[in-house]
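Listed below are the structures to be examined.
Okay, so chain A shows up in both of these, paired with chain B first and chain C after.
Entry: the complex of A and B
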């Protein structure tokens, strides 16, 4: 089973929703990663057949399904909003696609519905109406309805985004097991890099209607083709610092220099942009070669068991304010306006050229915690 | 809230209620009186209550056929309005097509013209095609006002149902009619109730078209009521009794759709 999108494009009322792109999806998990308005939903609607591309073809196992109406396709779709039939019970909601398709005996249907409900842990709620369920249970019902059909193509458009944190973690793990256990093309869209990393599989990075990069999740994470992919695939976004490479040394905006490391070898001298992930910025030197960046605390956000420290650093060559964000383990207190020094390890720096293309990526550190 | 405030509030409500109910009470009062009592004395309740006025209405075919006619064309109109407005409202709520907003507005402008404007063309047309003095004639004429209103109300309710439900049904493999009747209509039940109510009420109280387009066979009750003006003067008691009976169907309809209307006011467009 393979889903191919051949040079598809989508334009609505003169506005380009998707620029021409081609992609091939294989059974297993395919994650669409991108910020809002990246075109994830549009792309999934095209895959489902809810909308037709302005140009291009969609092939399923080599067969052209571009114009095939959605009800003739074998797909399932889970929306970001909790969409169920409000007038049908949970049981009838889940049973609905099976009933339409027909061909199942009453007991077989009941068994299928109950098995799926048990998998989503809503088997005690089968007699209720969706309105009598919590948000999480409603979304489980919607997911159960999508799973019960056992389709070859399962599309999930940010299915967990409207749920609270705890439930999200729980459901994500459950769904991962379900995805692993079936031989279907699962397409899962998300705005969160962490979610993409946790789910694994193949990732397609989208931005402003363009497909920026695709490949195995970790490969894309460690080797972003462009600065933009690095920014999207990092939360908080990757820090970017202006620098010049001269005589084997990198010079930062504040004038300090440090030797370029081995992965930057062979680069032509000139202006570059250093990319460093916030989780690689520390409050203490990690080694003898650590680069110290002095700054002033602008904001310290505490999120869960982590602290995001935003500092203002020396302005760039064009006068734009410099800033550096560090993602620190644990809860820390910082006074606003307090001078502080952050450190980064030259071994973990990305270099992008001034057009945003990747010039040098750090050696992969596979055991890295994300 | 202090006791005093509560009493003041209650008093205001009672006064308001009396103000609202007084004309209706007076009509009820009159309907149980004889003409002599109505014209001769001032009494707050009937001194010699009589059912003679009601008896006349229920036994004289000239009277009760008026009610039957009114109920017939009103029911026909209500059913037709909802049946025509449902698909139209669905199209307006779900599809974008060239000029959809203009069309929607144009539809509503039909309600802005007074009924008298359409009187002559309807009369002339129905005379020619043999529809004059039939229930269908009045029902069709009232569609001109009720279909736009129904489309407008239903469109509001339908737009409250997420489009994703339609799509989910398509993904699940529902055919359109099956989705529409099994999933969609139950979701806008209250809207249909409210729509039917408004269509019924308009058609029930509309006099001008109903009277002009009928003569004998489909004559509405409101037209019959004007008959009581005769050479011997006005039959006040009979007129009051007819008035009371005219209120009843409306009150019944309100009673049956009251929950829908409450919901409708909260959810939809009314």
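Entry: the complex of A and C
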């Protein structure tokens, strides 16, 4: 089974929702990653048949299904809102797609519903109405409703975004197991790079209605084609520093230089933008070649067991304020306004040209991804 | 822990206490006062105890008016609620037509009640009224709301439907717009029919606003006064004498303040009881909704 979208485009009232793009989806997990208004939901609605593309074709196993109404397609959709029929019990909610389709005996239907409910661990709640469930249970019911149909295409539009952190982790792991056990094309959209990395599979990075890059998740993560992909696929966003490459040396805004070695060797001289992930910025030098960037503490956010340290560094050549964010393991205290020096390792720097295209990427270090 | 005593908080409640006293408690107590006395004139009154209440409860005319009013409210609700929901479902959801439809549908609500009565009084006349003339001369159906009790009844009913269905439609329209689009997408993915969408998504989601619509329409139709007063004055005979018309005839027409006061209190109680029954029953139907 394969879903192909051939040079599809979506324009609504003169506004471009999706610029022309082509993508092929294979059984397994396909993650659509992008910020809001990237076009993820529109793309999924096209895949489901809820909307028709302005131009282009959608092929399912080579068969054109572009104009096939959603009723005749075999798809399931889970939304970020918890969508269940409000006055039907959990059992009836899960059974509803099967009942509409028909052709199942009473006992077979009951078995299917119960098996799915057990898989989503809501089999004790079958008699309840959705309003009597917690948010997590409501979404489990909605997911069960999507799974019970056993469709070839399962679309999940940010299904976990309205749940709290713990539930999200729990459900994500369970769903991963369910996806693995099925031979369906699963399309999962998210705004969070971490979620994409955890889920794995193939990732499609979208931004402002454009498909920027696609491929295996780790590949895209380690080798972003453009600065924008690097920004989207990094949370907190990738740090970007202006630099000039002259005589084999990179010069930062504050005037300090360091040799452009290893993966950065052999580049043409000129203006570049250095990209460095916050988790690669440290408070102590990691080696003899570490580059020291002096700055002033602007903000220290504590997130879980990590601290995000924001510093103001030397302004760029155009006078724009310089910024460097470090993602530090553990909870640390910093005084605002306190001068501090952060370090980055030249081996972990990305270089983008001024058009935002990748010029050099560090050697891949596979084990540090997740 | 030591508690500080400070009764000055009372002053904050005082404005409300004073305004509610003047707007509700004092007038109501005046009515209570009247209901246990026979008023002959200023300074001339006799204590009669519960006599007016007993009279009111036994009054055959009052029974008839009560039944008439219940039947009227029942018929009005039976037609206005489904019709209002139907209109709301048919109204465009967005675009310039939506605004136009909203304005058109809300128009009857903007007309003062006695003007509504006047409009229909003229509209129904066989000689100069568009509706009355059409029925009598064009269709050949004898129609005269001043002579025929049935015609009068239907005139008042149709007028009420014309006047108040828009309220139900607006409430239902607002309720429908509050349903997230994802529900409709989900239903389409499930290949649900339009009827199933209405039955399993729209209707349950509308329960909250429909409860309010039913309550408002019941209370208003149970207290209907101005429109029938203008059109028929309660006639012909007693055919359109609803409770409030009956009451005003008693109080203003015959100046029987005592019986009118006693009956007012019973009337007040009836509305409360019916509203409570409606409220609790509808709230308990299909309690699965969070909206």
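Here, the second predicted complex is superposed on the first by the 368 of 370 C-alpha atoms of A that agree within 3 Å, B and C clash if a C-alpha of one lies under 4 Å from a C-alpha of the other, contacts with A are read in each partner's own complex, and residues count from 1 in each chain.
Heads up, the rule we're going with is that a residue touches a chain if its C-beta (ideal position, glycine included) is under 8 Å from a C-beta of that chain, and two chains touch if they have at least 3 such contacts.
Everything numeric here is computed off the predicted structure, so don't read it as measured data.
> In the superposed model built on chain A, check whether chain B and chain C fit or clash.
On the superposed model, which is not a single observed complex, chain B and chain C clash.
> Mind working out whether A:96 is in touch with chain B, chain C, both or neither, as first, second, both or neither?
both
> Is A:129 touching the first partner chain B, the second partner chain C, both, or neither of them?
second
> According to the stated criteria, A:87 is in contact with first (chain B), second (chain C), both, or neither; which is it?
both
> With the two complexes superposed on chain A, say which partner A:188 touches: chain B (first), chain C (second), both, or neither.
Once the two structures are laid over each other on A, A:188 reaches no partner at all.
> Who does A:70 touch here: chain B (first), chain C (second), both, or neither?
After superposition on chain A, A:70 lies in contact with both partners, chain B and chain C.
> Just checking: does A:48 make contact with chain B only, chain C only, both, or neither of them? Give me first, second, both or neither.
Touch partners of A:48: chain B and chain C.
> Could you pull out which residues of chain A sit against chain B in one structure and against chain C in the other?
48, 50, 70-71, 75-77, 79, 81, 83, 85-88, 96-97, 100-101
> Applying the document's contact rule, which stretches of chain A touch chain B when the two form their complex?
48, 50, 69-71, 75-77, 79, 81, 83, 85-88, 96-97, 100-101, 145, 149
> Tell me, which parts of chain C touch chain A in their complex?
180, 182-183, 185-186, 188-192, 196, 200-201, 204-205, 286-291
> Residue numbers of chain B touching chain A in their complex, please.
162, 164-165, 167-175, 178, 183, 186-187
> Under the stated contact criterion, what part of chain A meets chain C in this complex?
The touching residues are 45, 48, 50, 70-71, 75-77, 79-81, 83, 85-89, 96-97, 100-101, 129-132.
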